[in-house]
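Heads up, the next two complexes both have chain A, just with different partners, chain B and then chain C.
Moving on to the complex of A and B:
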């Protein structure tokens, strides 16, 4: 006979003991963090994430994403004295582990929160490493000033003695060339061109040409990010012309850095400040029927995934659900495949391209988009150079102590670029582009530039 | 608008990949979507067809001969033995680094647990390790890799009655890698033949490994390692080690995460790429439009729903482990298309009390008609244009029969081919 059938206590289930004595226990007192418990519990230790980690494959000191994520999170819960392991700073934030996990464990969210905690609570704010990381993470600020004097900046940033000093005092590798600053930023070009009003006219004209209703609801808000604004402005211009040719009105709302380099360096307060501006301006537009479009896959990744995973900002979920990568959006809403099939490219983009899929495009399921789309395009060839990480991971490869590892990770990609037919590279990510150029000497283009060459007369 | 194709395959395991490949070979425009990376990197990389009968008889010598005697509900009976053969031919052609296609008979492969497993196809890297080969064998384990205790594995194989002498030795992997180094770390080091420090000198990793093993040899003709010998260059690494040691070198397939599984995944994705298949991984299919026919499905990315539409669909999302079949206290279900999954009403009838008993849940999955279309509770097709393949199917216990890969390849092949023919 079971205990239930022979009660020998005076516990009376008819009168539940939820009286005034009852005090709910707050398991995680004073915490407004996201609850990572369900994610940690979903991990069943298959270690598939570890097989995807480009750092663990070359670095003997790096314990891998399974440790950085669910295991470290558990250690923190059970031991009050536990401090975040400093190896979290060796994670390059490629986020490949997210795409790997068959159980949907939010690994990069765990890494980002652990790294944020490490930096804010354990890192010496006067250390060279902190100062260096903060400068690298706030690329937008440096770029903003440099863009005021682009010629001087281009000279100064690659001036040998200055770079030697930067390496010795700040730990910024002198092996790399700084990206060139454009003489005119994207936003300066956009304003000079007449901004939204001009875009509206261009879109209307295109709709007429295409036989679409003039008032068709086609409008997008462009998140150009820092790099298209200050450096590769041709990518931003290609986006605008391409979208207008499909009849979309483009707006370029006020925006700051997406936060990608800040997440990677654990500077979550900086990232939040920028995210608040971005979400606020995108949110207004999304409410008015615009979709948010990014040409940099790390920017779209930040708006789609990292923002809602890390910050609780009004409107953030809706912005995330309405953000798309620039080519992806056209694939969904236009018959892009057919248009590409009928098109032909000649001129300076009629090339064989060695294409590398950035890790952050991989995480959005977009790693094969460019190769598959351009399969049918006459006049060009696009060859995938394999599924390895480029190794630079934003600011990671700029750090003096990480440079060698970064190049080791990139080795496989460099070899495949060497083996590929063409001598021009292609990728969506500005820092992958830096690494590709650095390792191969190739010029690197963006898929939007090729689409513009194919589809815009 | 939607992202369009003739055939849309949902699922990126062996069944989905084979389905996509066979549909593309039939001339269809094929798209494959998979929630996450292929589960193949959790598989041993061995391709079993049928090792044991449902009654537990075996190991079987000829899996094809045994198919006729399987119960009617078994997926092999649905597609027929000739389809199983055709499907394996497609596999052999797509993955030329695999062996075993020269005979109908099962090969016997040593496992990392020290058992002997009947399997129909195996990677070239495992071929020098066949248990039917009577050459004496040295197994070499790596101290840090607790999944492969070589002396223990050797003792087990000896007890299993293999026709050769087998010993196990354990070494420290050269280079003093961290204690929990990932399998990819070993593989990368050997792929690139990177230098490691041995007694203060820098030595290429392959030489250093051979130097560790050389003094342990006692005249054995072959040496087996856990499957860590490279990701991109396994053939070259085995050849180099074999030459330096003067023996044949083989790998023993390991548990997850598995390099042979990863290499198989790469080979199949290359074949899909060459066949012109579009592939997207990383996002789940969350919703379906349509009544008698599937009109379109929605792939979700962080809240954004991306419509994907096709003429024909293949469901290849896996079983309980792959989350293609789910269960809770109320019942058993198929979460993507909400297909009916036959199961006992009382959940205490789903399992036996003995751990290795003949559990009913092991055979749970969708039931289909002869055309592999999932059937609803009244035995009518759930959708005219949806076929199912692989472990999402019911009626067989792949773990007990050792039939998982074979069923995935055979039903994936059949579902893909029929979907492509219908889409014309």
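Moving on to the complex of A and C:
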């Protein structure tokens, strides 16, 4: 209704339109087809999303998020004759447009939904692109097998001739080094260590040490994701030790891929299958008072935002509302700043770090937390390498046809890393870490590792 | 038979264009004159409903039967103007069960395919319908683009030799020896296509017969020959939503009342309407409460309308006519039927017939009847072919093609373009040069803009109604200047500026009634953008032509600009 009719409106000119009232309609209750046209109501075409899109900046053929999102949805109709433009496959799903929009347009939700529709209805399932994307999106499956034979996998995956064949037949760039698989997965380590029982003991001991009530209600469910499980297990271990040191009992529930690479490749059926497992195990724990903690900012992003936007699964809203990024959670519930101020780091991690904030951490408002937190930590320096996108965006930079663009996007970050004092990188996102390492040759660490070094005896 | 009779048709709405096409196809010489653009009057100000007849199935069964008959004809001959959305008459719990049954029975009596669907089924078709609706009747309502339809009728008339003069206002009826022998028109910009800045002038158009198809304006034409034509103009408001909340025409199933229909129209949905008699078809109050009332009332059917974005509102006047002696006091009681008033029989003044009343859906049938009448005057026995020969754009055409590859357009843009152009798509979209999107909201490319300019001259509002460019959510904020630039080369700077101004004014007009919420943000952004990047707030170059070439030499160090007495630096540098 117009303002003329209701002068006693509760309109508050300083309250931004966050788009929170917007609820897409589930057109067919049993499917994931959402009618997102109403989301276009919030768009007034300012194109701020386009100017913030890292892909549009380097790819002249990419029409940008304004077209992909509100324009395409408004022009499209629900009947089958309207197809999704194939340019949606060039979006890297960095989700910067979500953050850029001053008006609360559900851009990434529109992109994800359109991409899902494109892949399921228009893409040739026998095409090389589809097969390649499916393999990349299901990194967890490859990693699962590779982790059974980590030494062989590490050799084979970076074996020159094999990579040449992969590029020619599958379109996976041979420019990049495959990440190394850990000899022991995080979950193997966790089981060997005694699982939840051990964690409960450790947490109890820490609570005693800290003078907290022994039965304090401090328990978290760790969503380690695939990368901390199969590759950088040291991040997962750091998370467990750090949380235990603060008196938290950690559980590592049954889980699958968060879905991030699947959203980015339009594999919504796969993503849904994995999400069902994750939501089912996490929602049980949330009901029992656990909070869900992720060490990867894309995993926490998926659980918090993409899940409720894309799927209708029992308990999904509750899981989303109780999911946190690992450092963020400690900043909320502990006096992390003070503890860090009193701590000191020496040895291996007493370094100057070049820190890159992943796009998905930005969307959660976490882009400054590492820099601000470690400012007061003796023995280390952390320098922000700027607010550009690293360019890899998960699987995007692994695609042969996207590799050059990915590196062009990363150019700014590489330059700033070069200019930074340190020669060690830091970020929360596994694939940003790959890109940082690839472009600079630096070793890349996770903030949790530094916190462990500073705060865990 | 001697010479081919020359017929002057006054009025470039659906009726006038339909008559012109019919007469031209029967081989008569036709001149159509319209005071503004085609569709300038009521035709351009309707909700675009292709009636199934369901709306009249209880109150006016004769009209209902005509509607369903014409509905079938138009789907065939005007396929590129029609979208068969289907329609629902939705009954809320408080609406009368008895009327619901009457409606269903009425539809069946008039051969309108009608079926009852449960509330749940209706909500499956249209998820945004209110949860508590009872049930609905489904009927073959559709959406039709009145602009495209009239332009296609006029184009067809032209192909058959008719002369179409827009922006040509009738200033007098020529009466000689007790007979109307022609019209006097004032051309806005010379005969032919409109070009801004071209000198106009008065023209006497002599005709063997005159048809007054000016709808709500019929009384005014009559006055010129002291004829009393009692048209009772009745205004109705329509509000355009930014998106389609529904893909089916939604009617409220109750006897009569304001605000009882939502028509999905292209990318938008149009809410309608009200019914209130006015004195003057050109000057009546447009009031905000009418818009508010409509949104509130229709929210009972579709709750999300309450918070949804409206992009503009407009009012139209129905050309209602009631034969003397009926004396309805409420305009909703006046019949929607049409009447031929032969002024020879009625007023002893031969040479002209007026056609009044009626409705858009039956425009072709009205055209057929008056053409029969006119032909009868001259003893011409020619069959009407307008029900069989498709309009330009609606010839046999497969829409299931890959436009993106064929025309190099993004999928939804190609799709929209082809839906608008129909069988003319190839001819218009296959261009050698680059074909950028000019209007992003509606997906209109340069090729389509150029095609429209070819058809209508420098008039950007005429380009707008042909293409939908500037009719989307930014209401021309981002494309008006681009559309104007497309005029350049063929038209000079002064023409382009004038056309651009006119388009902007027209776009602001309807937005005035939508300035809250998101559309207010849009308007504020448009204003800022136009003021800061296009000098729209105060343009130093607006007025006398600027000698831009004087700036070519740049600024000389000595101060001042070479060969020109203009302070290009704003007067801060040099003397």
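The rule we apply is simple: the second predicted complex is superposed on the first by the 418 of 457 C-alpha atoms of A that agree within 3 Å, B and C clash if a C-alpha of one lies under 4 Å from a C-alpha of the other, contacts with A are read in each partner's own complex, and residues count from 1 in each chain.
We adopt the following convention: contacts are C-beta pairs under 8 Å (C-beta built on N, C-alpha and C of every residue); 3 or more make two chains touch, one makes a residue touch a chain.
In this text, all values refer to a predicted model and were calculated from it rather than measured experimentally.
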Counting only touches as set out at the top, which of chain B and chain C does A:438 meet: first, second, both, neither?
neither
Answer with first, second, both or neither: which of chain B and chain C does A:83 touch in the superposed model?
second
If we overlay the two complexes on their shared chain A, which of chain B and chain C does A:416 touch? Say first, second, both or neither.
neither
Considering only the touch criterion stated at the top, classify A:187 as touching first (chain B), second (chain C), both, or neither.
neither
By the touch definition at the top of the document, which applies to A:63: first (chain B), second (chain C), both, or neither?
both
Contacts for A:305 in the overlay, against chain B (first) and chain C (second): which applies, first, second, both or neither?
first
Between chain B (first) and chain C (second), which, if any, makes contact with A:224: first, second, both or neither?
neither
State whether A:50 touches chain B only (first), chain C only (second), both chains, or neither.
first
Does any part of chain A touch chain B in one structure and chain C in the other, and if so which residues?
46, 63, 67
Quick one: in the complex, what on chain A touches chain C?
1-5, 21, 25-28, 35, 37-38, 40-46, 63, 66-67, 71-72, 74-79, 81-87, 103
Along chain C, where are the residues that touch chain A in the complex?
124, 127-128, 242-245, 247, 267, 288-289, 291-292, 295-296, 304, 306-309, 399-400, 404, 410-413, 415-416, 440-443, 472-474, 477-478, 513-516, 518, 521-522, 525
Going by the contact rule at the top, pick out the chain B residues touching chain A in the complex.
1-4, 36-37, 39, 41-42, 175-178, 180-185, 187-188, 192, 232, 256-257, 262, 273, 276, 278-283, 299, 301-304, 306-307, 322-323
For the complex, which residues does chain A have touching chain B?
46-48, 50-53, 56-58, 60-61, 63-64, 67, 99-102, 104, 304-305, 308, 317, 320-324, 331-335, 337, 362-368, 372, 375, 384, 411-412
